[in-house]
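Below are two complexes that have subunit A in common, paired first with subunit B and then with subunit C.
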Partner chain A sequence: MKGLRALWADRAARPAVVALGILVGAAVFADFLASDLPLAVRVDGQTHLFPCVTRPAALRGRSQATLTGTEWMIRTPIPYGPAQTIAATGEVRDGPPPWGPDGAHWLGTDEVGRDVLARLIHGARVSLFIAVFTVLIAVGVGMLIGGVSGYLGGATDAVLSRLLEVMTTFPLVFFLIALLSVLRTQSLWPLVLALGLTRWTDVARLVRAEVLKLKTLDFVLAARAMGASPLRIVTRHLLPNALGPVLVTATFGVAAAVLLETALSFLGLGVAPPTASWGELLTQAHRTLVHPGAWWLAVFPGVCIALTVLSVNALGEAVRRKVDGGV
Partner chain B sequence: MLLGVEGAHVHYRARGTTVEAVRGVSLTVNKGERLGLVGESGCGKSSLARAMLGLEPLAAGAIHFDGQPVHGAKATLRRRLQPVFQDAGSALDPRMTVAASLREPLELHRVGTAASREAHLDELLDLVQLPREVKGRLPRTLSAGQRQRVNLARALALEPELLILDEPVSALDVSVQAQVLNLLESIARTRALTLVFISHDLDVVAHLCDSVAVMYAGLVVERGPASRVLGSPLHPYTRALCAARVKALEGTPGEPPSPAHWPPGCAFHPRCPVVVERCRKDRPALPEGEHRAACFVTDP
Partner chain C sequence: MKRYLLRRLLLMVPTFLGITVLTFAVAHLAPGDPLQLDQETVGAAQADVAKQRAEKGLDAPLPVQYGRWLSRVVRFDFGRSYIDQRPVSEKLAEALPRTALVSGLAVLFAFGLAVPLGVFLATRKTLLSRAVSAGLTVVWGVPTFWVAVLLLLVFSNPRALDVLPMQGLGEGGLVDLAWHLVLPVACLTYPTLAIATRQVRAAMQEALTQDYVKAARARGIPERRVVWRHALRNSLLPVVTLLGFSLPHVLGGSVVIERVFGIPGMGLLAFDSVGTRDYPTVMGVATVMAVATLLSMLAVDVAYGFIDPRIRVEESS
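Up next is the complex of A and B:
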């Protein structure tokens, strides 16, 4: 990837690339890092590879304690699942959870004994998935509407521009609250679609402005003179040239989407429990403020969110430097 | 007759007002002719050029290429007339390599196979005297002269019969200008191209063109063979232009008028040294003939 190598060459962006690499890595490999099931196990004369991903029914109810002589098991680095409560682990300690960070639970547990690190890692998957797909949808819709609006102009542009203005002036959070109250399901897609379909306006406005600027340039006239169709001109000449600024906005958009997901989860409109997301973890922390001193519940998700937003913004700045300096 | 312009009007609408950039131009260009279209900035030369390419809609009139209207023309007609623009930088897609820019017209018109196109690219680069190494380069890494050669190569890729060149060398250094002009002349000769060459530089036009049309305020005010228009101009404006080859519009007060408010009557009358009363009210027409001017005073 030429783009990634160019970003790596930007020293100022390097810490951000490393931090995001770790977060994205944790999100992608969440099942291998934290699971109630092992990476590999030999039990009842059968070897299971990666049951933490495949989750075979044969392993239900088995634990390390039930293994006999020739049977063995390799646990994930964090041997807890994101939804595994004290009832499932059977842990016994002095006093009820939440328990603070110690050797068993590196970042502590919540009030039902779920491992905070395991929930953070699986929450990264959910939060980053929502953020990335929100931005992909927003960029797709924004480029289409902005490109068509800018290139065709006239009545089409007038209608689309008014739509854009209405969307921009709409109080977004209230709109999402109303929408998500109706669409509430276990799936992440309603949330992703709702966020994506409300966040395309920045991209659309940007692409429209770029296209308006680009379409008067002589290379567009030259393409028209050689008989290129409007579709070809938009897709081959206008949108590729508008991509730089869009990339910058899209990067910042990821940070904004992470924060918006957090806010919606905090309001109870995010992912449905017991699915973990960073916003949902913070909500949990807020609810358990009745446990004074349980700082680990709020601090670690907060650090993850802050780190992601800071890194993504630093990356956005780096992309902007690249784009501005490039052409 | 290869290109026929009949009473062409080009209007732009800006903030509620209509700007008449071209207001009734008629001229014909014959096969093999090299027409120089001269005039100052804002006289409508470029608008007329874009209209000739079918890229600018006409408010009135018609433009025909080989008997067919250029507006709404199919790609098969389009490829027979190709433009070269003034700003060599913006005429190339900044994200496309030289090879990609040159390949685009070939792909669009399905000329040859993928393999034969590469050979075709080499031929085009040889034709405009560019080294083949430039194929992988982006426009911004090329010099202005090299970029204009790439533009010329792209325009020639489809083997057009007519080239419409809008001030193709005026943004180049004088030494580079001469190279590009000589190249253009030799290509035009070997390929028997018809040219519409737009310029404000009369020396360049005298060098390259065999006929001239002088534009002022959106109208053709003089038309004829290059040697006669530039050697013994009829219209007071052309005379001033020819005198200006030495110095900027010597003895002609004022500035070219704004397309938003053309003067009534003969548009040149506020600056004309030989103005008479009639010039302020009536607009002189361009008469028939080999060498003619739209002027009441000058009698050929």
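Up next is the complex of A and C:
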């Protein structure tokens, strides 16, 4: 909270904080913003509260578009789910989809009639989830390896440094393709794990350098004199002091992970359809280049990605200013 | 210098082995081998498959297979592709020039433009320089393949401007080739250009506040010379580091861009060979990339010494 307030005080970072707040908010409350089921409804003598989240069996196969005989209904702001095709909405129009932006579909639909805005909102959840957890794993692994390597030195450091060099120079495509073809499931975790396990090298290099610098300082000597174990010295004394630069790298890492997710989706290694992610939306736009007029399919997801990456980078700059200036 | 180079080259050996072992392990980690894929698709007979597997040496334990591969590679024999039975070296020799052309041009443009642009941005404080700075920041946050899709939508779309070709590198002829290169090279250039320009600008801004620059100006050295010789030379280290990181991509290629524009280069070869479990090709591509990466890292370190003689002194002591 204190950190957030400090960032808010940084005027240059304020637009980025606002933009990210909106994006994260959309991601967290995706089900309340865009769903095939309403926020609340009374139908067939039963009141359903937030069926868009609870998805009760009584409403299976029905949607805001097709619900009939309701006493009252509070719709979601965008009354479409991310995977709701025209077959489900029962919309009838002159031509086949994709349809351009209009009053019903603010950002248009894709070639099977799914609402682009609904898919963007739910895609934000997937893309940001992947990015954030990728970075968390990368930071965890990187701090562990960098910390151990820097503190122990000697043979351990030599081996871990080689490993670092190998991972840095290793063509990531191979690793990701192979790992993902083993771990391929509907879950997002394999993707997160694969990305996290390839992106820890920056953090490790940074932490190692910090630890090498810090471990010669008197407070570490004092801790050792008091009989603190190496584990305690690394986890309680060294790593917390190296957190600042790591935080900066981690913030930039989120932006990089968002971009990487789009690239992986494009190569067919991203989330499995029909799950929406920003990368998957862009990929779809590429596939539908055969509909040469459907610019909205490509433009809106790209804007979301660019906005996220720019905001996260601006935030990273702000964090760097804070860290360099001494919080 | 000679001893230093020798030591560095020796240190590369374990890293090279590490990369190839990792690639080998990772490639075989993926379920199924090429023969099993064959069996599923064309329904090859069980006995046939077993025989072929023995012929290809796929029945041996993985460490043995790796050892055999290594002993062949040190004799520059990459084996034959499982897919079309052609020598891997031939496939590499086909893909490498294409990627080197596209990515090489991109790196050339990116760094060739970044240095003057960065110097310009660091020395002028005008509306234009500020707009360019902001533009570069924005551009960096945009996924390459989105840009690629948008460019295709605009420039090779019968409903917009139908001026540039969409796929491949053309059927020969320099003009045709150049025409095909415009979009992919542009897509590969802009992210590197954005980062490199920022680096040059930041380093130049820092250098221009230093005492030696003040001293040079005090001695009456023309401003042009102060900027381009005194300050720039001290600003080049981070740029050279960045260049070192970019060089491997020249040979490794960009899978995404090669796929969007249908350029059969190293990136696509890597992607396809992993997908089809074409182990000899996978290993061939990985070897080329590993060697390229290691050599460019070495080149960067050697270049440091030329740009900043102080580093050379420390190295030899």
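Everything below uses one rule, namely that the second predicted complex is superposed on the first by the 316 of 327 C-alpha atoms of A that agree within 3 Å, B and C clash if a C-alpha of one lies under 4 Å from a C-alpha of the other, contacts with A are read in each partner's own complex, and residues count from 1 in each chain.
Just so it is clear, a contact is a pair of C-beta atoms (placed from the backbone, for glycine too) under 8 Å apart; a residue touches a chain by one contact, two chains touch by 3 or more.
This is a predicted model, so every value here is computed, not measured.
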item: Partners on subunit A (subunit B, subunit C) - clash or fit; value: fit
item: Subunit A: partner with more touched residues, subunit B or subunit C; value: C
item: Which superposed partner A:P240 touches (first subunit B, second subunit C, both, neither); value: first
item: Which superposed partner A:R93 touches (first subunit B, second subunit C, both, neither); value: neither
item: Contacts of A:A285 with subunit B and subunit C, given as first, second, both or neither; value: second
item: First (subunit B), second (subunit C), both or neither touched by A:K213; value: neither
item: Which of subunit B and subunit C A:G302 touches, first, second, both or neither; value: second
item: Subunit A as apex of subunit B and subunit C, Cα-centre angle in degrees (nearest 10); value: 80
item: Touched partner set for A:A223, first subunit B, second subunit C, both or neither; value: first
item: Smallest distance from any CA atom of subunit C to any CA atom of subunit B, in Å, after fitting; value: 9
item: Contact set on subunit A toward subunit C in their complex; value: 162-163, 165-166, 169-171, 173-175, 177-179, 181-182, 255, 259, 262-263, 266-267, 282, 285-286, 289, 292-293, 295, 298-299, 301-302, 305-306, 309-310, 313
item: Interfacial residue positions of subunit A with respect to subunit B in the complex; value: 217-219, 221-228, 232, 236-237, 240-241, 327
item: Footprint of subunit A on subunit C - complex, ascending; value: 14-15, 18-19, 22-23, 26-27, 29-31, 137-138, 140-146, 149-150, 152-153, 157-160, 248, 252, 255-256, 259-260, 267, 270-271, 274-275, 282, 285-286, 289-290, 293-294, 297
item: Subunit B residues within the subunit A interface of the complex; value: 50, 53-55, 74-76, 78-79, 81-83, 85-87, 90-95, 104-105, 108-109, 140, 151, 154-155, 158
